[in-house]
Structure formats: structure tokens, C-alpha cells
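Here is the structure we will look at.
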Amino acid sequence: MSNVELSPNYFRMRMTAPQELLASAPGQFLMLKVTDAIDPLLRRPFGLFDVGTFTAEYAGCGAQTYCEILYKVVGKGTKLLSALHHGDVVDLLAPLGRGFDLGPAGEEKVLVGGGVGLAPLYYLAKALVERGEKVRLFAGGRNRDDILCITEFERLGVETYVATDDGTLGESGFVTQVLERHLSKGMRIFACGPTPMLDAVAKMSARHEVPCQVSMEAYMACGVGACLGCVMKGANHTEATPDYRCVCKDGPVFDSFDLQWS
Amino acid sequence: MSNVELSPNYFRMRMTAPQELLASAPGQFLMLKVTDAIDPLLRRPFGLFDVGTFTAEYAGCGAQTYCEILYKVVGKGTKLLSALHHGDVVDLLAPLGRGFDLGPAGEEKVLVGGGVGLAPLYYLAKALVERGEKVRLFAGGRNRDDILCITEFERLGVETYVATDDGTLGESGFVTQVLERHLSKGMRIFACGPTPMLDAVAKMSARHEVPCQVSMEAYMACGVGACLGCVMKGANHTEATPDYRCVCKDGPVFDSFDLQWS
Amino acid sequence: MQRPDMSVAVAGIKMRNPVMTASGTFGYGAEFADYLDLESIGAMISKGLSLKPKAGNPTPRIVETPGGMLNAIGLQNVGIDAFIEQKLPYLKNVNTPVIVNLYGNTLEEYGEVAARLDGLSGVAGIEVNISCPNVKQGGIVFGTDPGAAQEVVRLVKKNTSKPMIVKLSPNVTDVVLMAKACADAGADALSLINTLTGMAIDLERRRPVLANVTGGLSGPAIKPVALRMVWQVARAVKLPLIGIGGIMNGRDALEFMLAGATAVQVGTASFLDPSAAQRIAGEMEQYLVDHKIDSVSSLIGALEV
Amino acid sequence: MQRPDMSVAVAGIKMRNPVMTASGTFGYGAEFADYLDLESIGAMISKGLSLKPKAGNPTPRIVETPGGMLNAIGLQNVGIDAFIEQKLPYLKNVNTPVIVNLYGNTLEEYGEVAARLDGLSGVAGIEVNISCPNVKQGGIVFGTDPGAAQEVVRLVKKNTSKPMIVKLSPNVTDVVLMAKACADAGADALSLINTLTGMAIDLERRRPVLANVTGGLSGPAIKPVALRMVWQVARAVKLPLIGIGGIMNGRDALEFMLAGATAVQVGTASFLDPSAAQRIAGEMEQYLVDHKIDSVSSLIGALEV
């Protein structure tokens, strides 16, 4: 594996992975067991940032599938993860969940990422560019340290727009404000980031009548739809007629219309 | 720190330590917190194998005290310990307990170590040799992999005798049999190793009227005499008149007469 | 050497090995088919089912704690009818006993759910979860009151001809008293333990982490309590016991058998490793091979005290 | 900003901060003088003392469990007289309240130990450990029976003019019931929780690890149960509470205060880090500074539910 710090507290980790991951969809995620010990006990979920193959020459021992994650250190699991290095082994469960529906060709694709929410959008951008789609990325964060891998997106040919709360990179303000200026019918939104941002994007997409998919986060235990710990309220959820969706199994990517927003 | 495997499952670890450790006595021990996490939760006790000072030139930044331990991988704590390497930091509590009483000068000093029980005897041998004493070491183990650092003892000028159960190094049989052939009045025994060995040595020393100190092991939680978890029966212990001794505080080194043997 | 005999039977339910999957931690079974061979484990226990579908609690529902986790799923389930229609047909094709975990919001519901299952092929037995508040008796939990537990057990017994396992709560002063009460009321086997009630607090938000405030503690943290309770009950009650609580590997499982369990259930471990139940059965067998033990049942209650 | 006010008072015992050391985990205090400043902590609680010296249980007495440890020390102690003669004089010179934890092998002994301490200078208060078996009532534990607990509390109350803290056992169906019983019987404060009864098994030897078979579970593993019980009792009983169970750092301690505790006790943490109590008090203060909170007492029971 490799594990590099991209900006303070943000890391990009590449690990060898089973070949089946090549069949994964952007938006799917994996769960890592950070330690063999019981602390932390549960696996930690991360979006697939990229999946690919080392050539036999590069890998030195037959072609080798790898996957990458982009993560932020927020607690003890990610702290431990950040200390791993070449030669360490980490146990991964993947691919999990339902990824993005790329939608029909021809529409303009708009990716909206907040902070580490960029992670699954890179894998998505690659898939879209491969199909020859026009892709724009709107990336937001609190400050410039939260804006990651923009060059990588640009290298794919993605047009990028950046906004930071404090204006230390790109426009000053919320990325949703930038997005709103560029939004028009015929586009399709793919968003990942903090819930308040997704909430704003979902509402905006409704106003603009633009289809929108969001990738959600929730506390997870199993990642396979068994524990019912990660559920979210579906659009029609009421106390009397509850409608819970599993983020791990029915998501993490949902059509924004299928969920209940604030 | 440095951490090298001496023979299968036996490691020698050197770590920088507070200067106070220079005032420690052979036979004292330290307790290591193997991980910041809660698994394993408790500290693990290890005898001081050596304590010394790197010169300012060697350390590169002022003289630096270090200590060493010699340990065997037996469970999860020692397993984790064995994975540490240069640059890692481990939290140590030392020196703890009561060490060996070196006794009057002039007597011949006899060290008896079983397997990793050799650990505290090296520090002891150094102290004795420094005082100009004649020192012999009797080292036993199941097979040759259990016999460690004999060269280091010989370099100090210690006369060494080795026995292994399977005869793969030194004499075949128990080290106590070898010891018995060499034992005579005017000697003083210092023993560390598995309890059955210590039991045999204690009885032999009584028969030969040779003073004998033994370094004991017990499950420990606090290491400072507070939890009363590590106690052992004193010589006069009975159900009616109980006499428990703390291995961590009253020991780990005891006069063999002060303990109750099988 | 021959392969050791791993089979055990609990209240007439024959299993190829003692490893069952604990209710609520294995979905309805199918969720795990990609990760392990469902025909490699002893038995599967369904998510807890009630008469009507149940929405469960608001979120957050789970949180990690030191060496364990709290859950307040709130018994979300599809209801007994949907289970029978949608989930059971799949399970019938799996050659592994299926045990239905059930509960009622009232005493009567317990009886109705049991009746609904009686005679159904593909259901090898039922496990009655008595850790639910009895709404009518002011919220007292059936599983913490011997009298209330007996009522539930008697009623279910009347409504079923299937082997009936009663699952005990650890949140009691005297688990032996509860075990005896359930035994007297007609339980064919006892499983223990369910989760310990606990709580986690979000210091920054000054709120409980779980929307439900309290939740059930599971995982390695509770293993010592579970082992103790299995041992206590094994000495006092003749029924076969199923040990549950923090079992992560084959050694843990065998410890429960020494304490007196005929079989074990694997819960939280399946979240860390979806193939845990199969792996644990394999580790148990390997232990027997390594120690030249012919049959796993020879270990039941073999603790020397 | 000024330094936050860390002081609290429990039943009239004034402390510079809310961090006390838990009984049985801090020896008689002097053992830790090399590792922390005894005058930096809120209060010290002695090892549990009885009328006569007590030998305690055979060994092994302790074993590590996932995220915790079991102990079966068996209340080994020097006895109340030796404590007064040999340990108290040292403690009197330390400017930190000393609270004596006591227990009796019989009801009467509780009263006698309390009487022996009454009027002694240097003893700021007593903590009554009711988690002991009542030999006369067939081994039922005082702390799990409301009636028996009340008898103990009433008798001790009669024999002391010192602030009396009663320490509750978590091994009960309804901790609130026990808390109310003790409050009614005259407790001035309640501390909770003592250890959860558990067990560990040595698979190879097919024996319990502890010579005593069962032991008391402490450490991070039990924190969720402890928090839940503190919260439950805080809502039901007016007395000041002292939160105990798995507190490893300042954040843990503050969570207990949000749940309703006026002070906390640090137990197992002192084994991992002999200066834990001082460190935890420091971490609490730092949290207050970082969050611009003037006084730690403003957090007591501040959980929003």
C-alpha cells in the first residue's frame, strides 16, 4: 500500500485489492478494518476514489488490481489509518452499496463535492469522461486545505470551479452559490459532501428541475444491510407510515427525490 | 528504539528512557503500555535487561539514557510489541519493584535463568562483574532457540553453563541438574525463570544451605502495589493467618525462604 | 485422524456445528450469502419479528463504544407475514435450520406470532425475545420480571409445537431466577445473553448519541458478563443453553461451551467479518483437531471448577 | 480568560475538582505519591476497609478482558484499626479530602466500622460498599436487595456524623429502585457503579482464570452501562451522584457530569497510568478553557434529551 498526506489531515491511500473491484461502480464504497484489535471495533466506510490495475511489469508479479481512498483524519480510526505505510496490510470489504446511475449520454454532468466528499467523484468523473461526457466539478471547503486533487480532475479534462468559506482558494463563499449560477436544465447533478450541503443541492436541483443524485453518510456497523443501523428517512417517511432506507445497501447514492430533506 | 529478533519469537528491544533509570537496581522491572488503544488494556511487565547511556556523540543530541528488555512473544501484547520499529514510541513506567540484593563481596555468585528468565540476569551480571565478583551463569531452555545472549554474558567474563531439554544446545536435561553438580556453600544464587524451575532451585538452595533469591512472575495490573492483583503466598501463609506479598512491590525478587513453595 | 464430530442438537434441532447467527445481526440470512456458505453454519436466527411490520427507532441507531457497540434499532422488521412470504422461501432452499426470533408488543402478540409460525415448514424452531417492554404493565420489561416472563413463555408454548428457545436478558439481578422461571413455564432451551442496556453521550452536542437515548451493548466488551451468566444458569437449570455475547473467534465459542452452552450465537462479529460464523465454526473444528478431541459435544459444561 | 472554576461539593465535602480516585484502585494513596500530586485531585477514596484485616482471595485474582479487566481481590485490606494507625497519619498531611470506603461481612460490622471512623479527624466522609454478600441471609448481596441495602444504610447512618456516600452495584434489574431505597434510608450521596460480575475461562486448562471463578468487570468496557445508570438515577433521585466506570480521560469524565454526576471516580485508568486522576482533572479543565465554560458545575446534568 501507499499512504500519502495530501494536505493537513487529508490522506490518499492506495491498496491492492481483489480483481472483482474492477467491476465496481463509482459511488460504491468499501469498509476497512483498521486494526486486528478491538479498538476501534467496527469497520470504517470510505468511498472508492479510484480503482485500477497495475500492469504486470509495474507490479512485478502479474497484473494487480488496486483501489484508492481519499480520507480525512477525524477520529481514532482514521488516525490509525493515517499511520499505516508501505508493507502494512489492511482488511477491506468491497465493493458495497449502490453507486451512481451515470444517466443517459449527452447531458452535461455536474459533480458537486464538499471537502472529502470529492472522494467518490473522481472515480465517477473518470467513468463519465471515458464515456465522452462533458463534466464539470464544483468543489467546496472551509479553506484551501479542504480542496483536494483538483489537478487530477483537470487532467481528466473536467472543468473545475472552487469555492472556500474563507476565500483562501477559488471564490469566497459556499460552493452551492457558484453552482447555482451555472445550473441549467439538461444537466445532471452528482453530489457528495456534508449533509447541509447536500440538502442545499437537493433543494436547488428541485427548483431547477435538474435530476440529482446524492451520496449520503451514516454511522454504519455491517455495511451489508443486515444491522439496520444506517437507515435514513425516505421521502414519504412519516411516523405513521415509516419508510427507512439503508444507506449501505439502498445507497449510499440516492436520487435526491427519494430522501426526506430538512 | 530498536527491536531485533534474536531467535524465533525472542526479541531484544532498546528504548530511550528517563535518566532516573540509571539509579535502578538489577531485578527491577518496567511496565510497557503496548498501545494507546484499549486492546490490550493493561501494561505488560518486563525485567530490565540492561540500562545504560549513549554518549552525546552517539546520541547526537546530548547524552541519552536507554534501557533494554528481552522478551518472548507469547500473546497479543508481546505480538504487538514485536512489530514496533525505529521511530515508534512506547510508554514505559520504571523502575518498579525490589531488585536483587547483591550480597556481600567475595562469595561466588550463581545466576540461574530459564528461557526468557535470563533477561534480568544480564543487568545483574554486569553489576556484579563491575564489583569484581566471580559470576557463573546456568542457562536452561526447552531447545537451543530458548538460549539467548550467552555471548553477551561471556563477554562480561561470566562462566556459562547451558542445558536444554532436547540437548540441541549444551547438556541435555534440566539446568537444575547441572546447577546441582556445581553448587557448594559460600555461593549465592539468583534465579529467574518458570515457576517449576524456581521451585526446584529454591529447594536445592535450601538443601545446600546456599542463600537464594528468586525473581517471580504474576499477572499484574498496576505494578505499584495498589491493586493487590499480583500477590503470592509468603512462607508462613495459612488460610487462618494469611500472608500475601505483592510481586510488584515486595518483589519481584524475593528471598526464596520468604515464599511458599509447592 | 478422522474429522471431529461437530454436530450438536438443541431441543431437537440438529445442527452440523454449534455456531448459530444471532438475531438482528444476520439480517434475514440472504444478505450474507455472498460472504459465506450458509450451509456451513449450524443454524440461522432471523431478525426479531413482530405481528405487524415495525419501523424501528429514529437515527442515529448505533454507536461504537470501547470494545463494543450500542444499538437502538428498535426492532425494525418486515412483520411476520412479509417474512413468511418474502424471506422464508429463499431460506427453505438452504439446507440449514432456520429459527425465527419473535417478540410481541403485548402479551397477546407473542402468542399470535407464535401461532402464525406453527406448522410452517422451513421453520426449525422459534426463539422468543422477552427483552421488550410490556406496554400494559407500565413498561416493565417482560424479560426482567419472572412472572411476566412466565406468562409469555406459557402463552407461546400453547401456540406452538416447534422447539421453543427463550432468550434471556442480562439486565437482571438474578439471571438464574429468570432461567428457572422460563424453564418451569415450558422453555425447551435458553439462549443468553441479549444486550446490556447502555448509553453514549456526545460531549460537544451535550446530547445522547442515540436518538433513543439508551441502547443495547454488544460485542467483546460484554463477553465476561455473558460467560458468567451461562455458567450460572448451566449449574442451576437442566435445559440446553445457547451462549451469546462477544464471541469473535473459535476460542471464545469453545469457552462458552465449557461454561455449559450446547451451542453459541455469533452477533456483532458478523459486522466486522461477514463470514465470521463460518470462520468460527472452522476455528472450533481446528482446535478439536489440534487437541485430538473427537467430538465438540464432549466439551459442553466441561469446565473444572 | 480566568481559569475555570473546577470546584464541586458532594454532600458537604468540598473538592478542588470533581476527580476522585476509586476505591481499591489507588491503594491507600501513598502508593501513588511518586506519580502524581496528591493535592491536585478532588478526593481520595481508600481501599475498602473492614473491621478485621482481610486476606482476600487466592490467586490468580485479576485477568484482562476485552476493553476491561476482572478482579477478584476479595477485599484484602489491613483492617480499620491498622488503617487509622498506619495509613491515616500520612494522609492527614495531604491537603485533599480522604473518604474511607468500608464494608462489613455482616450487617453489624458495617455499623461498627462506621462507628470506629466517626469523629476521626482526617476522614472527610465515608463511602459504603454494599456489594458484599450478606452471609446471614444466605449470601444474598446487600447491594442487590433494596430491603437489605436500606438496613445497612440506616445502621451506618446511625453510627456516623460524617457525610455518607453509598456505592451502588450495577448487578441489578433496577438501579433506580436501589438508589431510591438508599436515598430514603439516609444516604447523603450515591456513587455508581461498582463492577459488573463477570467470568473468564482458560480454554487450555478448562478452568476459570480466576481462583474465585467470577470477578468484577471494570474499565472502558463498562462505561456505557455506567453512564446509563448514572443518567437513570439522576432523573429519579435528588442526591448528588458520583459517576464511576471506565473513565479514561477528561472527556469521559465530563460525559458522566452531563449525565448527572457531580463528581467522578477514576479506577482502572490509574493502573494504566498512575497519574491518570491528575491528568483527567487537567483535561477537564482544558476542555472548559477551550469551550469558554466558566465553571465545571454548570455541566452537571446538562444533557439535553
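Read from first to last, the chains carry the letters A, B, C and D; within each, the first residue is number 1.
Keep this in mind: contacts are C-beta pairs under 8 Å (C-beta built on N, C-alpha and C of every residue); 3 or more make two chains touch, one makes a residue touch a chain.
Remember, it's a predicted structure, so these values are computed and weren't measured experimentally.
Student: If you tally the C-beta contacts, which comes out ahead, B-D or B-C?
Tutor: B-D
Student: Between subunit B and subunit D, what is the separation of their C-alpha centroids in Å?
Tutor: Centres of subunit B and subunit D (C-alpha means) sit 36 Å apart.
Student: Compute the distance, rounded to whole Å, between the mean C-alpha positions of subunit B and subunit C.
Tutor: Computed value for the inter-centroid distance: 47 Å.
Student: CA centre of subunit C versus CA centre of subunit D: separation in Å?
Tutor: Comparing mean C-alpha positions, subunit D is 34 Å from subunit C.
Student: Need the CA-centroid distance for the pair subunit A / subunit B, whole Å please.
Tutor: Going by mean C-alpha positions, subunit A sits 54 Å from subunit B.
Student: What positions in subunit C touch 2 or more of the other chains?
Tutor: In subunit C, residues 66-68, 219-220 touch at least two other chains, as defined above.
Student: Where does subunit B touch two or more other chains at once, residue-wise?
Tutor: In subunit B, the residues touching two or more other chains are 38-40.
Student: Please categorise the chain-chain contact pattern as a line, ring, star, complete graph or other.
Tutor: complete
Student: So in the complex, which bits of subunit D are touching subunit C?
Tutor: On the subunit D side, the touching residues are 65-68, 70, 144, 171-174, 196-201, 203, 206-208, 213-215, 217, 219-225, 227-228, 231, 246, 251, 254-255, 258-259, 287, 302-305.
Student: Please give the residue numbers of subunit B that touch subunit C in the complex, ascending.
Tutor: For subunit B paired with subunit C, touching residues are 38-39.
Student: Would you pull the subunit D residues touching subunit A in the complex into a rising list?
Tutor: Its residues touching subunit A are 66-67.
Student: Hey, which residues of subunit B end up touching subunit D in the complex?
Tutor: Touching subunit D: residues 33, 38-43, 93, 218-232, 242, 244, 249 of subunit B.
Student: In their shared complex, at which residues does subunit C touch subunit A?
Tutor: Listed in rising order, the residues are 24-27, 31-32, 35, 47, 55-56, 59-64, 66-69, 71, 73, 76, 219-220, 248, 268, 270-274.
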